[in-house]
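Chain lettering (A, B, C and D) follows the sequence in which the chains are written, and residue indices restart at 1 in each chain.
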Amino acid sequence: MMADLEMLRPWIFLASGILLTLLISVIRTESKRPAQISALLTVLGTAIFSFKSPPSEAVFLFSGALEVSSLSLFALGGMSVLAAMFILGTGHYLTREKIHISDYYHLLLILVLGGSVLVASRNLLLSFIALEVMSLPAYTLVGFRRNDSRSNEAALKYFILGGAMGAVFLLGSSFIFGATGTLDLSAVFTESKGGTSLLLQLGHLLVVLAFLFKVAAAPLHFWKPDVYEGAPTPVTGIMATIITSASFLGLIRLIHMIDFSSPGTVGYLELMKSALRVAAIASLVVGSSVMITQRSLKRMLAYSSITHTGYLLLGVLGAFDEKVGITSVLVYLLGYCVMSTGAFVLLTLAKAPADTGTELIDLTGLIKRSPFLTFLWTVFFFSMAGMPFTVGFFTKYSVFMASLGGGETVLVILAAICTVVGAYAYLRAIALMTMRDAAPAAGDWEFSPGSQIVAIVAAGFVLFLGIIPNAMIQYLKGIPLIH
Amino acid sequence: MMITLLVLLPLLGFFLNGFYHFSAQARKTEPSVVVAGVIGTIALFAAFALAVVAWLSLGKSGAWDVGIEERLFSWMKLGTLHVEFGYRLDRLSGIFTLVITGVGSLIHLYSIGYMENKGSARYFAYLNLFCFMMLNLVLGSSLPLVFLGWEGVGLASYLLIGFWSGEMANIMAAQKAFLMNRVGDLGLLFAMFIAFKFAGTLDLADLSSYSFKPEVATAFGLLIFLACTGKSAQIPLFTWLPDAMAGPTPVSALIHAATMVTSGIYLLARLNPVMGQSPTVLFVIAAVGAGTALMSAITACFQSDIKKVLAYSTISQLGFMFVACGVGSPETGVFHVMTHAFFKALLFLGAGSVIHALSGTQDIFKMGGLRSSLPLTFWTFTAGWAAILGLPPFSGFFSKDGILHESLVAAHGSRVIFAVLAFTAFLTAFYMTRLYILVFFGQSRLSEGVRKHVHESPIVMTLPLLFLGLAALAGGWFGAPVRFESGHHGGVGEVSPYLIMVISVFIAAAGAFLGYRKYFRSNHSEKTRDPFRVDEIYTVVFGRGTEMVASFCSRFIEEGVFQRILQFSGAAVDLGGNLFKTVQTGSAQGYLLMMVLAVVALVCGLIFGVHGYGN
Amino acid sequence: MSLLEPWMMLVVSMVIFGIGLLGLLIRKNLLVMLMCVELMLNGVNLSFVAFSKIHHSLDGHLAVLFVMTVAAAESAVGLGLVIALFRTLRTVDSDQIQILRD
Amino acid sequence: MEISDSLSFFLTLPLFGMVLSLLIPRGVQRIYAIFASLLFLALTVYEASGILFAGSSELAARLSVEHQLLWLPQLGSRLSLKLDSVSAWFVVLNALTAVIAFSTKGAWYRKNPKLFTSLGFFLLFGLNAAFLSLDLVVFYLAYESVFIPMIFMVGVWGERQKATAVFRFFLMSFLGSILMLVSLFFLLSKQVKSGAGVSSHLSDLVALSSGLEGAEAKLVFLGFFLAFAIKVPLVPFHSWLKDVYNLAPFPATIWMSAILSKLGVYGVIRFVEPLFPQVLGFFQGGLLFLAAVSVIYAALLAYRANHPKELLAYSSISHLGFVMLGVFTLKAQGISSAILLSVGHTLVSALLFFLLSKVEEKKEGLDLLSVHGLSRRYPVLFVALFVAVLASVSLPGTLNFAGEFLVLLNAYPVSAFCTILAGFGAVLGAAYMLKFYQQMGFGTPSSGTSEQVTRGDDLGGFELVLVFVLILFVFYFGFQTSVFLKGN
């Protein structure tokens, strides 16, 4: 039993950190600083714990409900690092937007906890709880600019749709329970060896759909642009990175809780694959084509993250028969998180008027006002477009290779064409920064050391991983998905 | 290395004069015509001397047909292709070399008097460049080297026609010459490709000894002939030559009368054995030659610009030479090239001296009665006139009479061609006499301003006239310098050459008499006409035609299709984006509805598709 | 042969879930929509109970307990959000909240 | 094997130069750029000379050195640089082009010069990497990275309405290259399936691609071909070119026409030929026709163009049509004549654009309809321009003539029709180039041009030397073609 707790150390540390931060924020309501520091320490500690001792082989705790494996620990560590970067990089935003609620930080931590458990969970019930533990803080955080109607609207939309899909997820798991008599994934896996039962597959389908909603794959993506636009920018960043990664890893795990190798599931496998294909290509097409019509930078990034969902789904499709699949998804998630962290942290620097979000116009002639910001933006945009010598190239490389390995040639060709369309949008932004003289309407950008550091670190990673991805790929290759 | 040296001397002159030109420019002074002229003339005289020496040594070695060869380096070596950069001097190229350097140096000398200081260094540089290229053309041992000279002389003539570049008209004339020659050059280019594909060599010696398949020989011959029509201003590519008179008169004498325009004859004579392999080619050559001769002779009768008359007569004379090649006795053609070089250069220089004296007047109806004021010019011009008419004992008599005779009796001769040539000879006599009379006899029709400055040209100009006059007189006495194995005589069988002589002299006399009767007393001016209007037709068909095709491409295909495609693809993507945006209504329930529809669709897919319930 | 067969409970649960979903789709009042979400969750709860009755296992009942807790938390958050929105927009009509679009 | 070890300096030195250019003060950027690139050129020639001027083919073959360094073991791609008689020429030309481009004067040395110089050196680096790499993934990376400096050069220092031009240029090229990437990935995934270890080295992929069957091979081939066809460009993939050439600053134009276009040629020679010999054979007729059409069509457009830059842009498409004609003969002779011609085209087009930039520097407008009679004001400049024009209409004796002649000579047996079609391009070429020169050089001087020539106005000093040397090359190699034609 003690051994189990040993294994759980990172989560325990995180949880206690949450309690501490909560305590501080209850006591010291007037200033955010102490809460911020304790939150920062918490996530850093968690990251250290989770990266320090990755177990040689996976351990299942709580009668197999929780998986302590290299994957789950990597997810926890990664999310903690992301959280740390956001805590460090977006303090100035809260001050500027007068978000004087210190609850921000422990909610953020709870979100991280939920996400990490979602990845680690091997039990549908636990997954549901983790999902909600991740979502509820997200709903509140989105609505954190309380006297801004846009923020509230975003939060409410997110809440209603999220709640509905949560119910759908629950319905699905109840069907699975009905079909197999258990909520334990491994049990379900063994159960579905001959798994031709409609009920089981129906339940599985609903569960997967719920997660496709979470990762905002078209046509379940509608909430994303609105919520991203309405939410406070740091929260948008957190959703784009932490929630997306957690949901994707959860999605893969849940997809593979059905044993697709068994003969009874052939028809269902085809259905699932074509559903994912449709979702992938729809996300790519919608995301990239709408992206180029956007005037709001934040919305543009929202649609761009929809296209990234599409690419990730390519990797998921590749994961069906090849183990390279999960690696490619991990590579993509890592790269994507790094670059969008950078991008959203930079976005928090834009002093946009509250009623209209940050417009693309605000970028015009930035090279004159701040060559450095321009350089950082350019790096991140190029990376999103998948240009060489940025991590974005290797992320695309891995998912394309994976899904070609899965035999999805046509899909990849379509994706490639969408890449060009998307590249246009990024290039347009870059052109605004570098090739135009500043427009009078252009809003200006504030300076904040914390966020600068975070952005520089992110950019550094983007370039470093773009030139020498060996270590990253090697490391992620060592992280298997355990059925 | 003698041959190489004589080729390189003019190049040296070119560089020296070019350097002189720029150094003068840097000092913001005009170069002195004397210095520049002396540089250029010496280069040519030296080349001439070397040519004579080489010719003599050739005679000593007796290798008239094998020739002396000098290989310099390997130019292009690729696969089985191996092009040596080298020169070969044999009887044929020897004759041409002597003519080029000899006449060339005289004309250089003449130019010293003719040109003024401004831009003189440039002028002589170009002139030297031309001689260099021309020598490459005739001495080159392989077709690519001939081609080098071939396009090189085109370039030089472009530069010299457009020498007075202030006038856009001159530039246009130069451009016309260059482009029409380019069309011809294409023929030579493709002839080379065919030669390499079938004979596997481009060396002239090997090539002329190679026997092609008949149809290949025809194609090769026609392509070569196309090139020749370009250079030698035959139908269909002859309209550039009259315009080329825009250049300085000595240039017209050297390039557009004596040397460059005869390079077509050189090529045909050089490749005579191959040409002989295809009767078709020979027939075409003869027919085109005769046609051109007649046509341009007729046109010449309607010209009032002294240089234009001479230009058309040049075209006509070239037609004679082509006929000679076509009927299968190129040696007479080459003979006529030589004599023609003498008397036509003489005529042009004479005309130049007249123009010089009349400070730029070129209209023969504004001249007259210059006999007394320009005695030297008059007498030398008379020699040229007699020579081109073919009056014995002038050089033209022998060569022209030779061609007439051959056109009847040679392997491919025929009565028709003879008749055409005879009539052309008659016309030639007519329009030359017309020119002669109108310029030198009758009462003067000079305008007041001009009349005051009328003066005989300086010695540097008259000296070449004298030399050329002698050549025009005696150039034909030693008979044709070249002999080919032109095979058995076919045609219409034996005809006595003396009969032909009598006929041709009679024709010339008749033409001359007619011209005398018509113009000796008359002083009413005639306006220039081109009875065939070929030039206009070309301008419309090719000039406008190209313009139209080009504008069609740029307006309809490029703008209309390719650029439009780009715009459309952009617009299409934009449209798609806006289309997808329309479902983003902002209403949570709308979103939910669509999500539910998606879910329901999938569930139905599962139930009815996979598990096949309901069917 | 007991009075209440599991399949009946399942039917009821599905009906409840359907009602919730339908309400969520058509009702314009945010509070009602909130309740509809709760309704959906409770419908699922019932199905859990039914299935655990079928399988004679307690996992279903366990799940129900957890879900009720979560639902409570969720509705609390939801209400908070509605109130915040009402503060700024002075309305709880779902058609009024369409500022964010395109 | 000291050459092998020093190959990597082709990549490291430009990067070093880029970093240095960020430290050098703005004022001396031009001097620095010119000297650095000259130095690099000298080193490049020194390194390559062993291969370039090796007497015989065997020697050249022996000297072709490869230098490998495993870069991405997981992806099976290595930094494998090869310097042989093909790549050596392009590397040298690359360095030379940089010298010429840097020696132009203009806005790019006033507004943000550091950015310009560093971009230039990055371009040098990317192109060298592309020309040297035998590993297709690395090649793709380099190939793609070349866009980045191009985009910014055109975008930052270009003329108005440049944005659209940049987008078109970037998007079309990007479309092509990403399809190439997909084809490459397809091959690699085949490798994975076959169980062999992943390796994107050319030799391994050649072994693989020979196994592809009909339709598959054709599609993969198209992926590669399209990228290069857009890059060259061949008609009908040229529509991006006009605006970019027009609006780009002169150095960018020089880079694009002189060396970036060669990237496409090189790609076909180095990668497509060995990868898809039989597919190429299948498409050969069409490809030859495409090349010939590009010659004629571009020549017609050039004939119609009123802006010298546009005219030269089209003329460069036309000449590259000749080059591709040589390449598509698929015979060793044809290809080496194509290389010969592309060297000539690089020299001449760089020279032409450079001289044109000098004209523009003199604040003369650049419109054929309005600008006349400049030859009297800038005699030396226009003599040089005339020689360049002659070279570009491939007058015998110039390198371009040798190239064009040999290309057509070797293309004729393969397809007489296409050769004849292309041959007419030569006539049109003469037509538009003469128009170009005469309109600007001759005629009555345009308003406001003073007759008297002040020496400072004209070409002089370093520029004069540069131009002179280039012209010397064009004529010297025009006769010493053997340097290029070893190996056959």
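A few notes on this one:
We take it that a contact is a pair of C-beta atoms (placed from the backbone, for glycine too) under 8 Å apart; a residue touches a chain by one contact, two chains touch by 3 or more.
Just so it is clear, the model here is predicted, and its values are computed rather than measured.
Comparing each chain's Cα centroid with the centroid of every protein Cα atom identifies chain D as the most central. C-beta contact counts were set side by side for B-C and A-D; A-D has more.
Centroids of chain B and chain C (each the mean of its C-alpha atoms) stand 98 Å apart.
The geometric centre of chain A is 44 Å away from that of chain D, both derived from CA atoms. Centre-to-centre spacing of chain A and chain B amounts to 78 Å, using the average Cα coordinate of each chain.
For this pair, chain C with chain D, the centres built from the Cα atoms lie 67 Å apart. Within chain B, residues 581, 584, 586, 588, 592 each touch two or more of the remaining chains.
Residues of chain C in contact with two or more other chains: 21, 24, 97, 99-102. Every pair of chains in contact is given here: A-B, A-C, A-D, B-C, B-D. Chain D meets chain A in the complex at residues 71-75, 140-142, 144-145, 147-148, 151-152, 155-156, 158, 162-163, 166-167, 170-171, 174-175, 178-179, 181-182, 185-186, 188-189, 192-193.
For chain A in complex with chain D, the touching residues are 324, 367, 382, 387-389, 393, 397, 400-401, 404-405, 409, 412-413, 416-417, 419-420, 423-424, 427-428, 430-431, 434-436, 469-470, 473-474, 477.
Taken together, the chain B residues at the contact with chain C in this complex read 581, 584-589, 592-593, 596. Residue ranges on chain C touching chain B, taken from their complex, read 21, 24-26, 94-95, 97-102.
Within the complex, the chain A residues that touch chain C are 125, 128-129, 132, 136, 139-140, 143, 146-150, 152-157, 159-160, 163-164, 166-167, 170-171, 173-175, 177-178, 181-183, 225-226, 229-230, 299.
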